[in-house]
Structure formats: C-alpha cells, structure tokens
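Only one structure is covered here, and it is reproduced in the block below.
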Amino acid sequence: MRTITLLTDFGLQDPYVGVMKGVIAALAPEARVIDLCHLVEPYQVPQARFLLMQNFHYFPQNTVHVCVVDPGVGSARRPLAVKARGHLFVGPDNGLFSDLFDDAETRVLDRPKYHLKNSSQTFHGRDLFSPVAAHLAKGVPFARLGTKIADPLRLTTGAPVRIARRVWQGEIVHIDRFGNLITNLEAAQILPLAPRHLELKIGLRTITERASHYAAAPDNTLFVIAGSAGTLEISLKEDSAARKLGVGLGAPVEVEVL
Amino acid sequence: MRTITLLTDFGLQDPYVGVMKGVIAALAPEARVIDLCHLVEPYQVPQARFLLMQNFHYFPQNTVHVCVVDPGVGSARRPLAVKARGHLFVGPDNGLFSDLFDDAETRVLDRPKYHLKNSSQTFHGRDLFSPVAAHLAKGVPFARLGTKIADPLRLTTGAPVRIARRVWQGEIVHIDRFGNLITNLEAAQILPLAPRHLELKIGLRTITERASHYAAAPDNTLFVIAGSAGTLEISLKEDSAARKLGVGLGAPVEVEVL
Amino acid sequence: MRTITLLTDFGLQDPYVGVMKGVIAALAPEARVIDLCHLVEPYQVPQARFLLMQNFHYFPQNTVHVCVVDPGVGSARRPLAVKARGHLFVGPDNGLFSDLFDDAETRVLDRPKYHLKNSSQTFHGRDLFSPVAAHLAKGVPFARLGTKIADPLRLTTGAPVRIARRVWQGEIVHIDRFGNLITNLEAAQILPLAPRHLELKIGLRTITERASHYAAAPDNTLFVIAGSAGTLEISLKEDSAARKLGVGLGAPVEVEVL
C-alpha cells in the first residue's frame, strides 16, 4: 500500500480536499491518503515549502507528496513531478520544491492520459495532480508522466543568511495553533555556539530567555526554544507569542550568539 | 474495499465526525471513509445539496454517501437511503437528495437491526446513518434496509431559472475559503451564448469582467469565471470577492448575455 | 487491521497531526488512523478527558487511543500506556485517563526502542506516543512498552456531585459547533427523577424548558435536552445557547428536580 500526502491552502470549509481523495480512490483504491496540512495561508508558497521540507521525511519511503499552493493555476506555469531523496513530489512549478532539485529528477506533467478528462483551468489539484499521484501510487513508472526538464523554478529567497560569524538573519515561516512563531533558523547550527547567551531580535523586541521545553519556561515571558521542526521558535508559556508580539508570516528575525 | 463519504454540518471542533468513523470501523473494518466536507453552514440543506451534487460522481461507483445536515433529527422526518446514478446515498428526508429521485430507488430506514441499539434522538449520524452505511459497504442488499417509498421530499427551490432567452436568475450556493462566490448557474449553458459580453448582477453591483483562470484576471477587479464545480463564480484575484461584496449564502444573482 | 484514534489540542492549521500519521504509516502500514478530535481547547485536559470517555467505546475492541493534550511535554511528567475496558490508551500522565485506572494495567513508556530516535522535548505526539501506538497496532505486547506503575495521576475534580437528594452540581465540559453547552451531568441518573419539573441554573439564568429532540423545542427559548453524549445539554433551537448565555468551558451548573 502506497501513501499519498496532501498539502494545500484549500482550507477545510470546502469539498476541494474531499474530491481530490475521491479521484484518488477511483484510480488507486489501495492507496492510503494522509492530510499533511490544508490551512497553509492562501497563496503562501514559502510557508508550504517550509512545512513540506520539515515533515516529508517522517513518511514511508516512496510516499507521493501532493502539494497544491498554486495561485498560477491555469496559466503557463508548468505542473511538475519530482523524484528526490527517496520520495516523490507532485505540484506546480512555482518554487514549492526549491530545496529538492539537487540530485532530483524533475518532469513536466505533459501526458494528458494521466490526468482527468476535461481538466478545468481552476482546479488542477483535482484534475491533474491527484490523478498523477494516484497513477504513481499504482506503479506507473515515474518517467512516463512527462518530459524531463532541467530548469524548474528555484526560489532564492527564504533561506536564512549568516551575516557574521555569530549573527544569522531569517524569518517567521509558520505560526502554529498555540501561537508559537516558527523561524527558519536551524537550531542545531546556532544553539551549540550559544552555551551562555543568545539575543533574538524580532520587531522592536529582543528576546534572551531560553527553555528546553515549555513547562520549564518562565511565566509571562517570551522565550526561544528549539522547536520540533528543528528550528528556533519564539514561545510564551501556555499563551500565544504571536498575539503578544503582533507579528505575522514573513516577519524578519535576527539572532546573535554572545 | 467500498468507499463511504461523509458530508455534514458538524464542523471539526467536536468528536461527532470521529465517532461516526468509529461506528463504521466497528461494523465494516474494510470500508474506506473519506470526508467530503463538514463545514456546511449549520442547517443549510441547500448548500449541502449543491456540494453533494457537484462532487459525488468523482468517487468510485457504488460509493455510499452519508449526508447529515439534519435540523429535524428525532422528529417525524424520515431517514432515507437512495440508490441513484450508480451511487448510494444515506441521510434525512429533508430535500438533500432532491436532484436524485428521478430513476432512483428510495427506501425509508425502518429496520432497527441495521441501526445502533439505543439510538439517541439527537444524533442519527452516529446511531442510524453510519451503521446503515457500514452495512451497505459490507454488502447488505439495498432492499433489506427498509420499505420502498415514492414520496420523498423534493425541494422545488434552489434551481436556477431562465427568465428570458438571454437572462438567468440563480443564487450563491457556496462561498469557499478564497472568498469565491459560487453560483448555481451552469457555465456550459450560459457562456457559449456570451462570446462577447455578459453582465452579472449581484446586490447593487454589475460585473462584466471575465477570466479563464485566476492568474489571467485583472488586479482589484471582480470577475466572472467558469468554476471547478461547472458553474459561474465571482472572484477577485488573490483576494476575497465575498468580503468585497459583503454578500452571503443565498444571495440572488442575475446574468444577462449580450 | 487495528484502529488508532487521535485526540489532541493540536488544531488543524499545522502539520502536527499529519506528521503523526506519517510516523504511524512508516511503522504500522496496516493500521487505520481515525481523528477523534483535534480542536480540544489548548491545554484543556478536563475537556479531552470528557470527550475520550464519551466516545472511545464506539470504536472496535483493542483500538489504540492516542491522547495528546500535554502542557507538560518534556518535563518530568511520565508518558503512559493504559490497558482498560478492552481498549488501549497512550498519552501523558496528567489526568487524561483518570476515569480508566480501576481494573486497568498502566505502564510508563520507558523503553526508547519503541520511540523515534532523537526524540524532541516539545513534540512527544510525534516522537513517542505515535510510534508506541504503531507498535501496539503491529502487535508488540503491551507489557513490553515499559514498567508497570500503580500511581498514575488521578484528577479528583471534574466529576459531578450530588449535593442533596434532588440536587446535582456539575459543569460545562464541552461546547459544540452548534453552541450546545454539554454538561457532565448524567441524563439517565437525573431525568427519571424529574417526570414533571426540573430547574437548571447556569450563571444568572434558570432554565426549565425541556425537549426530547431539537425540532420539538420551542423557538427562542433555552431548553435542557438529553444529549448524544448521555449527559444533559443546554440548547437553543437552530441557534447558539453558548452565545445566548455567554458562558464558557468550566462554567458551573446546578440541577434540581422537583
């Protein structure tokens, strides 16, 4: 049984995700479909890219990850499949897969026989990406899906930058239900250099408190923690750091270790 | 493996959907259950009816569609099963299945042996519709579920009306996460007659812009598009048409082709 | 095929639930995973406890119920597995399973071979509870998961109290999408004693109306109903009792039968 994951900005109030599963069930009855997340902020490719990269490797080898955050649906942007790191990825050529293209095989999905007939121009998640994923899960060879390409879109923004030996700049790439602000700054790269002291600047605030887990944190004080995505997070014990700081997705963050 | 879909107004904050799946898992361990949508507006039978009709045919033949938008639960309204168009439908007799009764077999669910014991009067989704769906998925013949009836409730409202050769009246039947306003006006019926010009009236506004896909639309301008449900939609590029117009479910729409 | 349920306060906007399913799929490909509910109010152990107790028995025997409402993650609070009433339960030792410990076997999850390597201190749902559930679903004997203990945390609050022969005190333990206020007062214990008259006090209001099902209730009047969880609920026909009363989780309720 092959696994297919779905990562979209479709939300949950519509039948969009359900009908994608219907298309998959009709073509690949044995596939198991798992929702990775459907509440990516509308059109937020950088957020979806981060969530995908932090999580895909927990799934079984050869999982097919369908990612549809796709403001350009119906335009000339190409639909892609990518084979990388023992997993398969299906979605639009808009930078979602920027971090995967080294050592990857990338194909443009130009074989209509693997799509639904009468594909719409507004819902490729249902009409194109789901059927392709189902065919992959059923065992259609990757090379048959379309023509190999060498020039997929790579976003050059979105990666953190080390601007000095002890200073990194990154950004908020996700805000979770608990109001934790999740940065793209790798904890394993930074925290070993900061045995004593660290300053994280966001907006007009500088945060210096740290905690190894939430219960060990001080009350009513913003603190920095190595989050479950492997990056630095800004948290507030049993409260929302996002609300306290009033910042949103994309807010810049700078960390200095002292 | 048979597929069962769930379409309800139960939302996601409660265990109502989860416990329905528990009941199904206990009775029909092999069935695959797919959420079509659970955020139908509370008690909005017309919305659920539209979402069902636009989507059920994407699922495998013989899928059992459980639909529970049921303000009359526990009253004299009858519980039904409907066999139509190669699919099976289970839910209350309140008009949800109005569009399916031609060429359909309809039965009232009056055999308690296919329900949970000690059925509540407030949650037939768990106690009656889920077990019936599970028995159908396990192969219990449709005719055994209950007595055949010929008088299910048919809603006569909710269908669009052609009031002149070039004028149709319909309504907003769904608003999606992106703020697209989805009408019940069939695009394939209207757009071929409007090669040049079309006027869509909603509230105090008249919309004349059209686009074939979202990326091709002008910025900051409401436009009409053939949506993925096959009906006309009112959209705003990377923004919410619903918020811009301030209209809700049921708002009347009139289209004239010129 | 074994069933695993998930009950958390993780919400739906994050990939937290999805990645738990990925971990389970990688370890126990045959297990079926069902979401019981993920919108428990953040950190609300009493609410999760109630939702679990009202619903677990609808699932197949030997289902593994993973419950993660866990403000103490990473601290000294122990991770547990509980075998009780023909089901298995996995989650933190913070009172979630208070109602299950009589006639139960309880073990602390102290065998790292059944957890993910490099477990984080912030996400035991992914790194510890999901892999343990997957191993149980695969057939690892319960006794191998860890050391037996006799002193799990039992919450002594949260149970209703009969303060006089005809008077009970309880609280609001859940508010559903429809605005129904769900109490922890057992309907089967109270209603038979109130053939004629009942007074339910909440906040400054006294409610005396009753209904057997929603459609039978008077319009615009708060009423008491035996809810699908088996406890008394306060409802408002096709409207929100919670909004009308302005009360929240934990609000005290007193019932007197006359």
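Note that the chains are named A, B and C in the order they appear, and that numbering of residues resets to 1 at the start of each chain.
Everything below uses one rule, namely that a residue touches a chain if its C-beta (ideal position, glycine included) is under 8 Å from a C-beta of that chain, and two chains touch if they have at least 3 such contacts.
All of these numbers come straight from a predicted model, not from anything done at the bench.
Chain-to-chain contact here is organised exhaustively, every possible pair of chains being in touch. Rounded to a multiple of 5, the Cα-based rotation taking chain A onto chain B is 120 degrees.
Averaged Cα coordinates give chain A a centre that lies 31 Å from the centre of chain C. Looking at chain A, one finds that residues 12 touch two or more other chains. Contact residues of chain A toward chain B in the complex are 9-19, 21-23, 25-26, 29-30, 42-43, 71-75, 77, 120-123, 126-127.
Residues of chain A that touch chain C in their complex: 1, 3, 5, 7, 12, 32, 34-39, 51, 54-55, 58-60, 63, 174, 176-178, 212-216, 225-228, 238.
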